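All chains are identified by letter, namely A, B, C and D, in their written order; residue positions are counted from 1 within each chain.
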Amino acid sequence: MSKDDPEINLAVVGYGYWGTNLVRNFEELPCANLQAVVEPDPGKCQRVQQRYRGLRTVSALEDILDDSSIDAVAIATPVDTHFDLAMAALNAGKHVWIEKPMTETSEQARQLVEVAKRRKLTLFVDHTFLYTSAIRKMQEIVAHGDFGKIYYYDSTRVNLGLFQHDVNVISDLAVHDFSILDFILPERPIAVSASGTTHFPGMPENLAFVSLFYESGTIAHTNVSWLAPVKVRQILLGGANKMIVYDDMAPSEKVKVYDCGVSFTSDPREIYQRLVGYRTGDMWAPKLELTEALRVAGEHFVDCIRTGETPITDGALGLRVVELIEAATTSMKRRGETVEIKTGEKARDSIR
Amino acid sequence: MSKDDPEINLAVVGYGYWGTNLVRNFEELPCANLQAVVEPDPGKCQRVQQRYRGLRTVSALEDILDDSSIDAVAIATPVDTHFDLAMAALNAGKHVWIEKPMTETSEQARQLVEVAKRRKLTLFVDHTFLYTSAIRKMQEIVAHGDFGKIYYYDSTRVNLGLFQHDVNVISDLAVHDFSILDFILPERPIAVSASGTTHFPGMPENLAFVSLFYESGTIAHTNVSWLAPVKVRQILLGGANKMIVYDDMAPSEKVKVYDCGVSFTSDPREIYQRLVGYRTGDMWAPKLELTEALRVAGEHFVDCIRTGETPITDGALGLRVVELIEAATTSMKRRGETVEIKTGEKARDSIR
Amino acid sequence: MSKDDPEINLAVVGYGYWGTNLVRNFEELPCANLQAVVEPDPGKCQRVQQRYRGLRTVSALEDILDDSSIDAVAIATPVDTHFDLAMAALNAGKHVWIEKPMTETSEQARQLVEVAKRRKLTLFVDHTFLYTSAIRKMQEIVAHGDFGKIYYYDSTRVNLGLFQHDVNVISDLAVHDFSILDFILPERPIAVSASGTTHFPGMPENLAFVSLFYESGTIAHTNVSWLAPVKVRQILLGGANKMIVYDDMAPSEKVKVYDCGVSFTSDPREIYQRLVGYRTGDMWAPKLELTEALRVAGEHFVDCIRTGETPITDGALGLRVVELIEAATTSMKRRGETVEIKTGEKARDSIR
Amino acid sequence: MSKDDPEINLAVVGYGYWGTNLVRNFEELPCANLQAVVEPDPGKCQRVQQRYRGLRTVSALEDILDDSSIDAVAIATPVDTHFDLAMAALNAGKHVWIEKPMTETSEQARQLVEVAKRRKLTLFVDHTFLYTSAIRKMQEIVAHGDFGKIYYYDSTRVNLGLFQHDVNVISDLAVHDFSILDFILPERPIAVSASGTTHFPGMPENLAFVSLFYESGTIAHTNVSWLAPVKVRQILLGGANKMIVYDDMAPSEKVKVYDCGVSFTSDPREIYQRLVGYRTGDMWAPKLELTEALRVAGEHFVDCIRTGETPITDGALGLRVVELIEAATTSMKRRGETVEIKTGEKARDSIR
């Protein structure tokens, strides 16, 4: 992309918690030109004005859909509004950035993917984690290093988190693991079993344990909760030759690579005691770039609009994640009953 | 118990990894008198002689069953020998200490409980964790403090552990959580869902995730693995008023009590954003006694023999734990399918 | 202070690293009205304009000294310019906020204190740490709790820090400890011994160890470095009855209070082995307020201007800190030679 | 050394805290043959008998000095008895192992070194740290890696430690740093400045801060205390190309090597802001062997007796450490006054 490329003109829809981050991010991005904020709440519009004088605010998406100078919209509203807003934007010929989870239902996500494809528009789902240097480094180590067969993925995301009234904790937190797994693993899960509960009648589940099963024998698990006294953000990734610990709360050395694994003994004298032994070696913590993930994501979105390239976190990935949320939620409501994942082969090309 | 009480004469069966601890423990215990070690391996017998000159070693349990001077035997052999050895000892009128898990099957455990009851003998299962100051402090806080309703129990026990050839990781590690839950919670689980796998054909499962469901809505979970690059031993216990983090790997302050919880808002302006808010306060780490748990267990065993008192970790508790291992293993083999726990009401009196 | 109090009109001098924080802080403060930024660099002025449209920028302090609508100036320029700028502002009748360290020499600081006193102007030195909830909680515990006699203060402030070309590491980092000690301890140091060095010829010392001696026997020590591979910000504070650990890098529970101390034995049988034993008890981590220290400082500055109250971090405290920097630097250059602190009694009233 | 080498016959003098470790260690060492324990306290002799039946106990060193079957004695008594016992043993032709610190005065140490040299006997001082895999790995990295010039050594050894009545905290804890520095650094300190105090009249200093100065510009510092609420055992070692953090309390990865350093800019535009920048890279934690240091030390002692080789921790090293203790204690009593170290060049050959 050359410096002479025209800037992409954007509008951000929703100036809530994440919307403020999007506005700040697109304001700072040289390749993007933030044109408007769509926000029905006058108080929030006033805050936009105070902070970014001269920035246009409108109260509804319709107000800008006819504006042909706007190339793309970024949707950061509650999830139950995602489908209608994104569909309207796509139908008006706008490229779409949409917060995670993509939609309430996989059927909605499927429709958005189809419309975007038909109209040749970029559909980008903001699974920001895939743009962090930690996850990209892990993906690189697994894909190109001598990591060996992936044995397991074990994630913990717990804290005293903001309760959500409209989505459960799987949709809020496990969603990160579903996208990371889609990015790092070479295959898609074939079944899911989840447990979880709400401790407050009428509220969505605030705590869940989700297991994903893979054809190859890989098993993935995530433990998510809004009700833990300490904040934990940790992933263990076990391979035949190496194992990774990613601790996102660590002030430094967030990703540690352990040179360890399992070896088999054929010594008949030891056979009773143990057929399996351990090999342990050095530990290595690669340097991680400090670039903010949201900035990387923003640049990637603009690039994809310009070049027509498929985003790493395209609508197809967003759809697969929504399918997993649906399947895990179904299993959770049935106390762990196995739910098969019916979707076809993972379209690997689309995410690499 | 008075100082004039006669000492209890014991034999330890098995001088493997844990047997060496039992021998050392009973040697050091003033109220116990270690009379013999039963061990078929001549090399191990020699090690006993070198370390404890004059201590009698015999190659089979039968060699001491007729010795009326021996009051009790402590069995620390592989689990598939527990039933036969314990039954023989009970039938010979000996009190029995048996390592965890109690037996291979719940049916075997049930028979041992019945025989011990009929013969009025002490049957003690060595769930050592219940004799640690950390777990006893947690039990005390939950039972007598203003802990409030128990929302969840969330445990992680992972490390590069010795692979076992005869029992799976649930039987090896989750067994601790099953006994701790039996001790701390006022009710018994009604269903279980477990996921897990072995990464090495022909070997027992080396990694498992187990969820336990309770009538009251409490949910318990344990994450156990022999295949993690770091050692974690952590329990989160969430209550309506307080939450506890027990980190057994911490060099100090292993048990931390957080004064935090959830509060509900009825402010209509906030209703869209959140119905649930957080209350956080101080943290408190109670001083823990340093007495070795195995010593406390040994003294309790001797006391129970003398007084006829039911041990905290009696055969009934050991049986309930084996039932959970069976149910969890069944669920795990069916990829998380819910398995109901059929056993009757928890006999609470027996464990307090 | 009533809501009808007029706002205080301010100018910030210097839009470098810390100046940007000051501008943001005073912009957000309801009781303050930021009128201008003084900054000679046109590029930086442009950045001010972009971020805060309509905010006046001028290139020199003189441009606003005659503006009677400006009540106060906040100086965030290199330390060698502090004296001239502050003196000019005071002489123009402005209240002054000045970054730490107050001045290059104690003589300069003394002159500023005198002028401010004579002209009845507020002179505030931004030792921000004294406005953090952690340090205020520690001060409270020491002053009002049963902390007992203070035995020692032991601080570590090391990291791969930005090398400064104009001040040494004592002036950059130990300055925090000097202000904290002034705030928490009931007495002033009587002597100092410091070691330290630069590893790069022509550059200021990048590593130093400073010991402060007190009449009562209390000893204080700080270890400061710009050349450590890990970032540490830790204070140990030992008292006769309690001890505090303040770890500013901890994600939570930054301040921990240990109920421990020393007890004496008079048991003659133990006299050879130890005359002194330990008493250990619970640990307690008080909840800390999350208010940003700079905001608290800003409000306090405005309050002091309005009420004439002496700031917690007034010029007298700033002067005492500069005296310690001078004494420690002198000792450091003489490889630890004791330097007496000659200043009179700590004017305790002025800092409480 | 061949397997046919005769075993070395030893006696351990003193069955106190460390003596019990020595007895256990020499009992387990195949190349050593523990013949007797010298201990005047009948109660302690009884404990030896209970634990090691058949092991000879005598009440005074004289009782075994004439026994020509005993090749060596290991002295683990209070430091004020070291000189007389060691001198008597050397004069009786015994090789000597002596606990740290070697003697009360450097003059005593010097005499022992001379006598041992004249009589061609092995004189070994038990600075056990130099036999740990962590310190040996650090020495290796500094000596053979691209560590670069050593900038600093910064150690912290604090905890609620057993107060000693006969030696101060420098002699008890800083002694470890003095031996480690002697082992790792290529030069000897030329001056020392120390601060410290006792908080309990009549007792030795319980807290001290010691700085060591080197000709090359390297600076070393150790912070030692018996009065800290938490246990810290940490060394930072900074070099021009790499920096090491050794945390002995960490459950794993005790030694971490950071690929970081300082680089200089000559960009004139940056000259005002910073002349010095940072280079940071990966972190690496080498695998450490798990062999117990005391066992390695014991084997080295026996080897040196057999081969006549000079021990790593020979009398000369022990003497240099005592000289540093003396100099640091002198400086501490004078509140940091610089004390020159007068001893000649470090005899590097003797310690490698």
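By our rule, a contact is a pair of C-beta atoms (placed from the backbone, for glycine too) under 8 Å apart; a residue touches a chain by one contact, two chains touch by 3 or more.
None of the values given here were measured: they were computed from a predicted structure.
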item	value
Neighbouring chains common to subunit B and subunit D, by label	A, C
Which of B-C and A-C has more C-beta pairs touching across its chains	B-C
Most widely separated chain from subunit A, with each centre as the mean of CA atoms	D
Computed distance of Cα centres, subunit B from subunit A, in Å	39
CA centroid of subunit B to CA centroid of subunit C, Å	53
Whole-Å gap separating subunit A and subunit C, where each centre is the average of the chain's CA atoms	42
For subunit B, residues that touch 2 or more chains besides their own	230, 280
Residue ranges of subunit C touching subunit D (in the complex, touch as defined)	151-152, 154, 156, 158, 160, 162-165, 191, 193-197, 199-200, 203, 207, 209, 211, 213, 217, 219, 221, 223, 225, 227-230, 236, 238, 243-245, 256, 258, 260, 262, 264, 271-278, 280, 331, 334-338
Complex interface listing, subunit A residues touching subunit D	253, 280-287
Residue numbers on subunit C that touch subunit A, as the complex places them	53-54, 230-231, 249, 251-252
